[in-house]
Amino acid sequence: MANLNVNIGNLQLKNPVMTASGTFGYGIEFADFVDLTQIGGIFVKGTTIEHREGNPYPRMAETPAGMLNAVGLQNKGADYFANNIYPNIKDIDTHMIVNVSGSTVETYVECAEKIAALDKIPAIELNISCPNVKHGGMAFGVTCAGAAEVVRAVRKVYPKTLIVKLSPNVTDVTEIARAVEAEGADAVSLINTLLGMAIDAEKRKPILSTVTGGLSGPCVKPIALRMVWQTYNAVKIPIIGLGGISNWKDAVEFMLAGSSAIQIGTYNFVDPAISVKTVEGINDYLDKHGFKSVTEIIGALEV
Amino acid sequence: MANLNVNIGNLQLKNPVMTASGTFGYGIEFADFVDLTQIGGIFVKGTTIEHREGNPYPRMAETPAGMLNAVGLQNKGADYFANNIYPNIKDIDTHMIVNVSGSTVETYVECAEKIAALDKIPAIELNISCPNVKHGGMAFGVTCAGAAEVVRAVRKVYPKTLIVKLSPNVTDVTEIARAVEAEGADAVSLINTLLGMAIDAEKRKPILSTVTGGLSGPCVKPIALRMVWQTYNAVKIPIIGLGGISNWKDAVEFMLAGSSAIQIGTYNFVDPAISVKTVEGINDYLDKHGFKSVTEIIGALEV
Amino acid sequence: MKKYLLDLKVADNVRLHPNYCLLKLTSEETLPEMIPGQFVEVRVDGSSSTFLRRPISVNYVDKDRNELWLLVQLIGDGTRRMAEYRQGDTMNVVLPLGNGFTIPDSDQEEKNLLLVGGGVGTAPMLFLGAVLKSKGFHPIFLLGGRTQNDVLQLDDFAKFGDVCITTEDGSLGEKGFVTNHSILNTKLFDTIYTCGPKPMMVAVAKYAAGKDISCEVSLENTMACGFGACLCCVENTVEGHVCVCTEGPVFNTRKLKWQI
Amino acid sequence: MKKYLLDLKVADNVRLHPNYCLLKLTSEETLPEMIPGQFVEVRVDGSSSTFLRRPISVNYVDKDRNELWLLVQLIGDGTRRMAEYRQGDTMNVVLPLGNGFTIPDSDQEEKNLLLVGGGVGTAPMLFLGAVLKSKGFHPIFLLGGRTQNDVLQLDDFAKFGDVCITTEDGSLGEKGFVTNHSILNTKLFDTIYTCGPKPMMVAVAKYAAGKDISCEVSLENTMACGFGACLCCVENTVEGHVCVCTEGPVFNTRKLKWQI
């Protein structure tokens, strides 16, 4: 049994396996399938200051080894979260991290402040990379100036661990990573979904109500892995890697490429027990290869 | 039997199905599997002015619903092509289009000039998007200025149909498309491969000798389709769509999204007869839906 | 209800029709409790184009044989692959999911209950009828198909109530759509349950609304997870966007914002 | 040689060993001509993680039965799925691919030919031995495996020549690696053919080079297409990067730039 503890800034994780925002509900949806306390952390649904209905149905299209979604940040708002959901999840013995979104810098800040007040939420993940909303979201995440602006503003009001989630829909992800590092982000997580599209040839119509949506799942893994590796060579803050992870081997690959921890997203739908299986698989890998601690494999790729 | 003719600039194609550079050799490799004359056009291997050995082995990694390659433009140079290969392919009754690459603007121009002299080559595809070479390639394709510079220079010496192949590794593909349109490109083709990476977890090493490589195959289809649609709404010149096409339905989707013609790449490896099957499938689709000409479905997506 | 992630064994897989198969799944353990209208999420192995699980309604639960029945219409790669599962194969399923139909209290006065199924939408009606019958009701099934070959499991339905049939070509029962059936003019129903193609459900809902009959429909919105995690399956209701997989798939038509 | 894209029928699929299966493929038409050392590219249906075809050597061609044999080692999802193909299933293959081993002219004086195979590298040696024997040669097979269970098809090999064996645990034949076998000290060979794990082939090539024996190796570089279209399978040779699938998979070691 290797030591699985890792740190993301001041945040100590019991193991590097976490679940990705928008794919794991508030954790409780999976309580019948896995022991939530065995997961390193849970990134809950994208939360905004205001109640949002999200995009019209249809919001989903299956694609080769993946899916497109256009949920559009449906959520009942930060107040509802604080009053109605937080009480039910705050005592789960793992880190519950809130994924914070907004349509303007001000709404990001307001939402972050609201969440900062919740004792048992040790970190937020700033979503500047959602491709499924008209305003905000990805618009901030694809330029250094936009990313820096949001992070600077949120950093002022958010004293706990600030993770910034990067968009893969950019020419150079390292540029954005460096920009948010410079503004005091404690960590970056990447990748969010890639902008994609699906068409119904028979109906000659887009499948998603929003025409385009966010691509996720195993299909994006090679791109995500590359971006993690590039970012690892560009910044000093820890990286949380995600994008297409569907087994422990994928998770190990992301850690070798430079991730201090990883998130599993879409694959939770395919195998609701994958998160805990991944913890076990990483442990077996470490034992087999004689590593005493999982930290030994972070960035350990031999190039 | 619908009319399958389409035009790309001055180039008249007997049908919109072509094969992608680097995946169909010089056509002759597939002559045992398909009747080459039934294909709308064949984009031959990436050609440079000088002989290139390409990257060291290993150059390939399989990924979920796709593959990474790092061939790195191995080819015997434009002179060898003109003297030794061109004579064998010039009389194949379809359009043989040369994919032209370089490491500097000058070498692009030189190569284009050499190919311009070959009577039976009616068009070139300017590859400003190869992610597998150290100099040139993608470096030109990811900025408007770089893309414009190459196209401007080549346009001066190349009078026939000039197709520019765009990189998907950019924040905004429409920006680049507009830049090359402004410099006189007759058409754009998209997408080239996405930059990706694969790791061998057991060996803790990258699988490719070059660490990163180009991702292609069905996994990239949703991204390619989105970029085609965005570009269709941004430029007036015709678009040749590709990226993950593996059957006639995919091909129809790309045309609905705005492609005047399409290319099939990686899937030729899986089914060497897919190109001609795709021609037949498009024809059946047109008949079934009562279209007299394939041009009716170009950009016919109802949004 | 507690959800399970189970490897079930294929006890039988009957090809009822070129386009339909009936999968009978069993387990060494007693199968979890399921209620009519609920569904399961099937992991399809061995289909390279099927990435997500496939939602399939509970067609029937045979408690004596500890069997879960799934009636599957072959429409794409995933369902076609399901038809290839052979006896003894393992099928991984998440179950039970969603909410069921409203079952009236059995000690109330007898009610006229109509169960309308079209195409593969007949699937949940069998189990619903069985449970209603076990509670002392006498459900009437109204089943529609294109031809006589498309109306399946008739022997099973007959065990639990009266069966009315329509076929589009008139080869069985009355000719036309379910909403053309004479029973709708001759009998007054207290509740209608329906599942099938959307146009059919809309027509049934319209009929029910016209006569002020309570009507429950089972929706088949496309799903990624099936248990409330992805928010992909939403239906627009009077309460806004709600997840069909957790708040449904059964909805009272009063709640829906369909144009009926 | 003309290449074909064929749907072959599985005549038999024998699990020779937990990690090996022997697929016998047949067709209604006469199978195309194939030569030892060539390979086929198999499309694996029903494995969601297998996207590209899988290159597999021609193990044997039984002309009388119109059968193509493939000896497959189960190492990943693709090969594991191949082991599940059942009699009557269809397997889509591209064939024949690559160049074969050099077969000496049969009217020359008798030659001492050694065929060295390790692990699944024994696969092409069977067909090579059969063809050599049919040309009047008496090949000697030198086959290596970890234990006696890992040396396969011994009865078949015995039909075509003398068989020498090494196993790492000494459970069959001489103990050690193929390059430790006594035959290498007692007999002088004119040509050595070899296929197996790279370290083994390097050791064999070294032995051959030391004695100035002509040596042909069959390489297994990873491939995307198998017929010269992708340029992924290159080997560094004295002529630069050449495609293993079209210029090989068999190479004379003189051509290779291995560190031997």
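In order of appearance the chains are A, B, C and D, and numbering begins at 1 in each one.
The criterion applied here is as follows: a contact is a pair of C-beta atoms (placed from the backbone, for glycine too) under 8 Å apart; a residue touches a chain by one contact, two chains touch by 3 or more.
Chain labels with UniProt names: A, B = Dihydroorotate dehydrogenase; C, D = Dihydroorotate dehydrogenase B (NAD(+)), electron transfer subunit.
Values in this document were obtained by computation on a predicted structure and should not be read as measured data.
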Which integer distance in Å separates the CA centroid of subunit C from that of subunit D?
54
Intercentroid distance (Cα basis), subunit D paired with subunit A, Å
47
So, in whole Å, the Cα centroid of subunit B is separated from that of subunit D by 36
For subunit A and subunit B, what's the span in angstrom between their mean Cα positions?
34
Flagged in subunit C as touching 2+ other chains are 48, 50-51
Got the subunit A residues that touch at least 2 other chains?
61, 63-66, 217-218
So what shape is it, when you link every pair of chains that touch: line, ring, star, complete or other?
ring
Every touching chain pair, please?
A-B, A-C, B-D, C-D
Listed in rising order, subunit D residues that touch subunit C in their complex are 45-48, 50-51, 81
Going by the contact rule at the top, pick out the subunit A residues touching subunit C in the complex.
22-25, 29-30, 32-33, 45, 53-54, 56-67, 69, 71, 74, 217-218, 266, 268-273
If you look only at subunit A, which of its residues touch subunit B in the complex?
61, 63-66, 68, 142-143, 169-171, 194-199, 201, 204-206, 211-212, 215, 217-223, 225-226, 229, 244, 249, 252-253, 256-257, 285, 297, 300-303
The answer for subunit D against subunit B in the complex is residues 2-5, 43, 49-53, 94, 221-236, 240-241
